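Shared between the two complexes below is subunit A, which has subunit B as its partner in the first and subunit C in the second.
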Partner chain A sequence: RNNMEGKHYLELGKNPVRFDPVGVVTNVFFDESNKMVFVVRSGGETGVIVKGPTDKKSFTFRLKDKGALIAIKFSLEQKVLSMQRSEKCVEFANFKNGEPDRIEYSQTCKGKNNKILTFHWLSPNEVVFVTIMGVEFYQVNMEKRLLKLIKGHYLTILWATYSPETSVLLVSSTSNLLVPFYFNNGQVTRLQKFQVELSRSGQPKLELMERDVTLLNLYVLLSVYKLPQSLLLGVYKLPQSLLLGVYKLPEKPYILQLGLSGRFAFNVVDNLIVAHHQVSKTSVVFDIKLPGLSKSNVLYLEPLIAPLPIKSFKIEKEGVYTDKQSQKVECQMYPPTWIVFQPNIIIDACLGCMWYLKINLSTIVDMFPDRCLLLDFLILRKQSKPTILHVCKQALTPLHQLPLQQISSLLSKLNQVARDYIDMELSYLQKLEAQPDNPVLPSHRDCVVIDQNDMLTHVLTPFVGDCDVIHTFKIAIMMEYLKSLELFRIKTKPLVHELLIDTLVQGGEFLQLQQLIRHRVLEDSKRAACKLLSLESAHAPCSQLALDMLKRLATSDDEVIEVLLSKQQVLPALRFIRSVGMHDLVPARKFLEASMHDDMTFYSVYKFFEARNIRINKRPGFTDGLLKFRIKLHSFIHL
Partner chain B sequence: LASLVVYNTSYGTKEGEEEKKLLFYHPKTETRDKKVNNVGLFEALVQFTRSFAPNSECETLRTKFHQHVFLHAEENFWLVMKVANRTSKAQHNEFIAYEDEMVDTVYHEVLKNLYETFRFLHGTFTAIVGNHGVEFLREELDHCFGQLMKTNLSKCDIMSVYNGVSYLNLDKASYIGFQSFIFTLQDKFKDVESSLLMFNDAVILSGLDETDTKVIVKYLKSKLKLCLAYPNRLHISISGISTYMLTYGHMVTSLFTSKHTKQTRRAFINFDAPNSMQQVEVILYQYQSITACLFLNKPSIPLVDLAKQLDAFMGPQLKTLTASIVDQQKNNYDITEPNLKHVYHNRCSLSVDSTCHVTSHSGEVSCVIPTDVMQVVCDINRTFSRSKCEEHEVINKVHNDHWVASKRTNGRELHVVVNHKNANLSAVTEEIKKVSCHFNGINFAE
Partner chain C sequence: RHLSLLVAEEEEYINSSSWRDQKRHFFVLTEAGKPVYSRHGSEDKLSSVMGVMLALVSCVHDRNDKIRSITAGDHKFVFLIKIPLILVAVCSTPESITQITVYLKYIYNKIVSIVTLKQLDRIYAKQKNFDLRRLLTGTDKFLDHLCTSMDTGPEYLLGAFQCLPLAGNIRDLVSQALQLSKTNDLAFALLLTSGKTVSYCRLKEHNLHSSDLQILINLITASSSFHAGESWLPICLPHFNPQGFLHAHISYLDDDFQTCLLLLSADVNSFFTLSEAKKRVMVKLNKHDCLPILKLASEKGMYNVGKIGLPDLRHFIYKSKHQSQFTAPEFSSPYHDVHQQERLFGLYQHLHGKIHNPAIPLKLLFEVSDEETMLAWVASGFELYVAFSPLVTKGQAISSVDRLLRWIKQREDELFMIRPLVF
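Presenting the complex of A and B:
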């Protein structure tokens, strides 16, 4: 682990969204649904700058200062601007042509003594208020400038957390009772509540706080909770069957072993849970799909890699210019001013920076001691194809070479993925045929698939060409690859076969080559046959193999004739054309020319075609072009 | 077998030192003068025939009572085998005299095989002389040929000419399975350089070239029957073959032992590639019907220890792989018609297949068709081989209701023997088709 010093695999995105930092007259708000930062100067009187989701996108408008803002958010697609200035009421203004409508309208939460905890936009015209007394779901009528309550669910709410990507709201009621709500197509569904078991019997009851719970959206929607004094992170899997209308009670299938106590903040990068620990200024990552220790239906996961800091970041110091060049200053990492949002946003409001957290796959490669685990990890990542190919290539190079059994399991992992992809693609296409206007996009198309072309171009061909590798190992690898393809019932591409032939020939393993063709490991193809023909000079039996292959193919009768004639085996060629029923179709000239070397053969061939002429044209003669053969025939008959 | 002689023409060139030329002489009881005279005669024969065909060498000499077969094994080294004519008693019968003539190709192959087996076990004559001196070679020959000469010449026929290997027919998946198994083994045990895997008499796969494979398989087949008959005993020793029991299978020791040198389990492979003859050590491992011949280059640990490690690795894997073979063999079982027999040979892969021969439980191979029919087959083969043409097809009627149809094409040779009373040509042709359809690329009467 010492050699990990100074290494990083997590880094902040290159082009952060820069904005004016929080100051005396400046307030900063973050709109999670739209991923926008609102910089409000003097309550909006001197302008509101909206930036995000990227640094290039920004616009400005003015607001009347009507008091301190608690929250400011856009509806989806920035149709309506909403502002909360009091505990009971949210104000709205239609947003058009880059500025808010002068006429504002507002909505107060239902019930006396009620307080709005937070509100979230679900669509361009749907908004939900979370109040201490319940969840209120409103529709916004922009023309009439009013809101209509669609549905209210009433229960005591202490706090709530919302995931914009999945439209799931998790509210906490009394005594650690959590209730999920799901919004879809103008409907609110209240899902079955569940209780988080925090304290063991006999210990004082612990209260779950808002900051302890995060909704993470990775492979499935997860709710994680972390208590400050605990080393463990509890993970609840929220029902993924929501969309199907089937609902199961949330499970608690995972516990992540953080290894450190204290406060953590969580991000999700590429389906990985990233846990930032502020005190030690390090982060750890977990992948819930990778194996862990299973204890009574709960999977205990360890961090994939020892805690490491995020790579340091330099920003241009604003306002300070020396020699026209902007000065770059190293940012403080893991300061208390960092706020983390889902999925991978880190905001430093005091610095005026919003970053997207990224994972660097090429540096993470060397941090995994176990190559198989590494491959499992990479297969689950997006855009990991180049890295996977690099890992495969490395596994074969002499210095880093892995034992064959391990390589074999690496290949199997890749082909398993390829097989799954084929299966899913097939079933998708079937579904598409049944319902051509099925709008559900196949999720499997996002997965990384290493197909035979990738393996050939990036791994196998360079490997076979490597002079430092011994031949037996090359052949062994090719065999392992074929075995793995066969195991997963993936049809081998002709190019793979050709490469195997090359490999065998390179090593002079002709007996192997013969045996592989005999057992149909090397499948028949015209290209393979041509390859074998070209090898005849190196190893004579190759021509037998090639000829057999061509005959079996049954689509390359012309090639068979060419091969036989080129060896002056005219009579076998004639027998062959007769056996395939081509004897009335082939031109006589080729055969006659090829038999010129031997009078006896020539005579037989001549008579063969004469007989054919009689059968077809009712006379023995050839066309004028073949006169010279007639002359030859007479020349030796007269002798 | 009347006599077997090995000599070197470059030794003892001075008058009176002719005995030095002799490296091996069987029978030993022959007088010194006779030995020297015979060698002189052989040398003279070779020289004399050379004047007729400068580019080829004398291969065989037939006299009224004997046949001599010559093999120029290595530079200056000659092997000569003298066989008494079987039919010398019935020399007045012209037909049998004809029958006798064809077996010279058989004897030539037998002699060649004898030499190749020696070379596999001990290395080339030249190398032995270079490393250990002439006297050592004499002793080795004495010891080794004495054992190898036990071949029953009367049982040699077309199979000796083909001298091929029968390969096991497997489906794609099992074949790849075996390949992968061997490669993994060689990767795990770096000492193992190459391997040969057999199922009973048939080769599953071989990491060696055709020639080596052929010699080793032949040698193993002749020896292994003995130990397979008693597979479950610990440290048994039958006819000089001892086995060493391991957890799963057993190791056959002593097959590659030279008593003379006390060096154990050596063999020499890779003769065909120039300058790459290799001395290797051999572990012969058996698990049920599988025999694995592993060739090791300077192993780093004692062979017995290595064998134990190998056993732990191979045993469980072979168990599943063998099961797959046994399954397939059941399905593959081919019911052949009793009146239809064949011999098949592919010159390119050296593979052979015969229904004219049966193997008894004791490992004896015997021919089930009449001897004279088999000799017709041998004769046709010789005719084919001596012709310049690559394609042949011939149908013969042998006197006793047997027909032999032979075809050679594209490196393959197939002889079909039909026993059919009062058959005519077209009926026989129909019969032949039943056999030839099993063989890829061979069609009679096209």
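Presenting the complex of A and C:
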């Protein structure tokens, strides 16, 4: 960890969404649900530019300037444009053909002295108002241009935070009392409230503010809040069952040890919690699925890697060009103008930039001293397959070689994932069979699974081919891999077996090869049998092993016959064809030809086919083409 | 110097491959180490080898034990100690030690048949280093013949004899003719054609043991000296009585020396009585014109296995346990050359040895090899050894054996002597 100077693993996405920065007549709004930036010039009179979620997507429309905007948002799928200009009322305009409808309609929050804190779109036509007096859930009727209150929950609300990905709204009712709401299929569910204990006895009471709480959506929905004046971050896990509408209290299982005090902002990248610390201009990452220190029912997590800054970023400077080439300037990192949105959005409104934060797995690899932990970390990431394979390959190369025990545990980790995948896939397919029109896509398909093909192509085959590695180690690794597959009851692919055979032969371990086949560690296959046959010159018993294997396969009768005949084992070949009921079908010539070397064998074979001729043709003779065999027989008998 | 030359010559001989590579060696020596007989090479040149044998025997004897055999690689060294004689076999052949021991007993019996046990004991009681060859002069050819016969003769392996295949009523006529030879002190009357038994007649209280019969057949087939007229010869039949001689009247009944009559009497002076008896037998045989029929039967020889009509059957040996007789077809292809015949006989020896293994006796044995499939079956009344094509299946083999047994049963009268007569 000492040589981390100048290193990065967090980066800002390559193509940020660029927009006009905040200025005298320009206001910028961010629509979290649609991930769109609204640049409003002169209250909309001179145009509203909407950009996002990527830099390429943008459109412009005009608005009448009816006063300062507090918020401007699209409904989902950009069906309705909504604008808040007062504390009590939200105005709506149907949005069609890139233009807002001229006829606007509005909705005022219920109750006198009520104030709208914020509003969120839940669907193309459902909107929720969060007011100081409660939560109001409306349905928008676009044709009639009016809103209908579906459900209202009334309670005092200090502030609220909303997660568009999960449709969960968390409101703070009284001091430190949090109430979650869940929206699903046009229904609002008020979930059990919970109190956050921040104060320690004998200390002044601390109050949880809106800026302290962020809803993060990673493996599970989390409510994260920074404990004021401490280096810790409390994490509530909102139970999965919440999404099924089951009533259950949130747990409080994690404390993230930030190690720094002051304001933090949070992003989620690839299920990692990224905590940005503005003062030190660094960020730290946590993974709640990786092991931590458990103390009195709370899991304490440390940052995975020491605090490091996000990689610096250069942008083209607007308006200044020299010789057609845009001049690039380095952005200021962690400025106070950065605003962070979920899951991984960083906006600098003064610069006119919206980035998506990314994690660079290939650079993070070298920052983990513990390879096992690294693999655990990588398995939990998306798109980490090339990195995992790289790590595995590296673990086997002489310079970075890990002890066998560690390699074994790496393999176990990968195969555990593969096993889980298989189990989940099977149960999914079962469910699919029971309910063919089940639209729910299985989440496990997003997970990174390293299968045998991946291992073979990227790790094991190059490894076995590496001349610098000693044979015993190669064999040990191959056996370890096979053992691991067996341990997790994963059916080994023939290619893996073939590679093991190759490895054993390369190392001259024929006895071991023999044992492995005899005890069916190496499974029977035609390819394996052919492989063994090709090894006969190196180790004679290989051909018998191959023959036995072909016989067991029961689909390779022709091969068995060919192999036997090529060894002049004509009688075993005939016994074999009889055992598989082919004795009336094979051509006599082939067998007679192959038995010419030995008189007794020839006699037996000739008599065998003669008997067959009698059985089939009612006479012993052969066709004229086989005359030479007849001559041979007579020369033998009349010796 | 003379002695060392002799020793060198001896060494050279026993180191020569022509001697060493012989597959079956049989040696007979006395307990004093005097050579008596060696199948291959002159026993004179083998005194040092026999010395080693004697040393081995005495070495084990000193520990109050008895040496039976030594196995060294492919070679088996088998010892039969019949004081005053020691018989040793050195074989690199498929026979079991038990079988080799039986062969040694045949050699021993042959020697006893010449000198009687009584005489042997008497001589060696007096003179430990007596040279027995003095008494066995001229009998080497019988021992050699015996040894050669044992190489390929099922009769020695099975302890049974083979009859000349013959219509049952003719055999009965021969038996009746033999019965006519009855005189006082006549023990056995035996008629052989081409060395094969046609019939014999015996005293009611004395069976003719197959090993005694073999000694008689060996005597006739080994020598042409009995062709001239009627011979008179003392012979001891060890199973009948090892202590004393019987006296054999031997005569050929036809001009081409095919059919031979043996009359064995206890009376040393009965030559003329037996000569008369022979005439009675002749009259009876001539009356029914038996001799030409016997000649014809002998020319016809044994039957061909192809006659049985079992396609995979190549050869067999069937032994009837009650009669101590066996039957086997003549050799036909692929056993048409001597080399193949010897090989086949080796397989029979192997089967016989395995199925009669004293440690693990078997009832049924089925062995598949590249050349043939062998089957051996020991039942209460018979022993059967069969060579099939190597491609026969077990099922085919069993059904072939069933049909073969039926075929033999049908021809029992012809193949075996099933109604022996007594005086």
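Throughout what follows, the second predicted complex is superposed on the first by the 625 of 639 C-alpha atoms of A that agree within 3 Å, B and C clash if a C-alpha of one lies under 4 Å from a C-alpha of the other, contacts with A are read in each partner's own complex, and residues count from 1 in each chain.
Keep in mind that, in the parts below, a residue touches a chain if its C-beta (ideal position, glycine included) is under 8 Å from a C-beta of that chain, and two chains touch if they have at least 3 such contacts.
Note that the structure is a prediction, hence the values are computed from the model and not measured.
Asks: Once chain A of both complexes is superposed, is A:Leu482 in touch with subunit B (first), subunit C (second), both, or neither?
Replies: Once the two structures are laid over each other on A, A:Leu482 reaches subunit B alone.
Asks: One more residue to check, A:Asp599. First (subunit B), second (subunit C), both or neither?
Replies: After superposition on chain A, A:Asp599 lies in contact with subunit C alone.
Asks: Does the superposition put A:Thr108 against subunit B (first), subunit C (second), both, or neither?
Replies: neither
Asks: When the two structures are laid over each other on chain A, which of subunit B and subunit C touches more residues of subunit A?
Replies: Between subunit B and subunit C, B touches the greater number of residues in subunit A.
Asks: Which partner does A:Phe608 reach: the first (subunit B), the second (subunit C), both, or neither?
Replies: Touch status of A:Phe608: second partner only.
Asks: Thinking of the overlay built on chain A, is A:Leu571 touched by subunit B (first), by subunit C (second), by both, or by neither?
Replies: The answer is both, since A:Leu571 touches subunit B and subunit C.
Asks: In the overlaid three-chain picture, which partner chain does A:Ser312 touch, first (subunit B) or second (subunit C), both, or neither?
Replies: neither
Asks: By the touch definition above, which subunit A residues appear in both interfaces, subunit B in one complex and subunit C in the other?
Replies: 571, 575, 578
Asks: Tell me, which parts of subunit A touch subunit C in their complex?
Replies: For subunit A paired with subunit C, touching residues are 571, 574-575, 578, 599-601, 603-605, 607-608, 611, 636-637, 639.
Asks: Can you list the subunit C residues touching subunit A in their complex?
Replies: 311-312, 333-334, 336-337, 340, 370-372, 389-391, 393
Asks: Quick check on the complex: what are the subunit B residues that touch subunit A?
Replies: 167, 170-173, 175-177, 179-180, 183-184, 186-188, 194, 205-210, 213, 273, 346-349, 390-391, 409-412, 440-441, 443, 446
Asks: Which residues, counting only subunit A, touch subunit B once they are in their complex?
Replies: So the residues of subunit A touching subunit B come out as 403-405, 408, 472-473, 475-476, 479-480, 482-483, 486-487, 508, 510-512, 514-516, 518-521, 540-541, 544-545, 547-548, 551-552, 569, 571-572, 575-576, 578-579.
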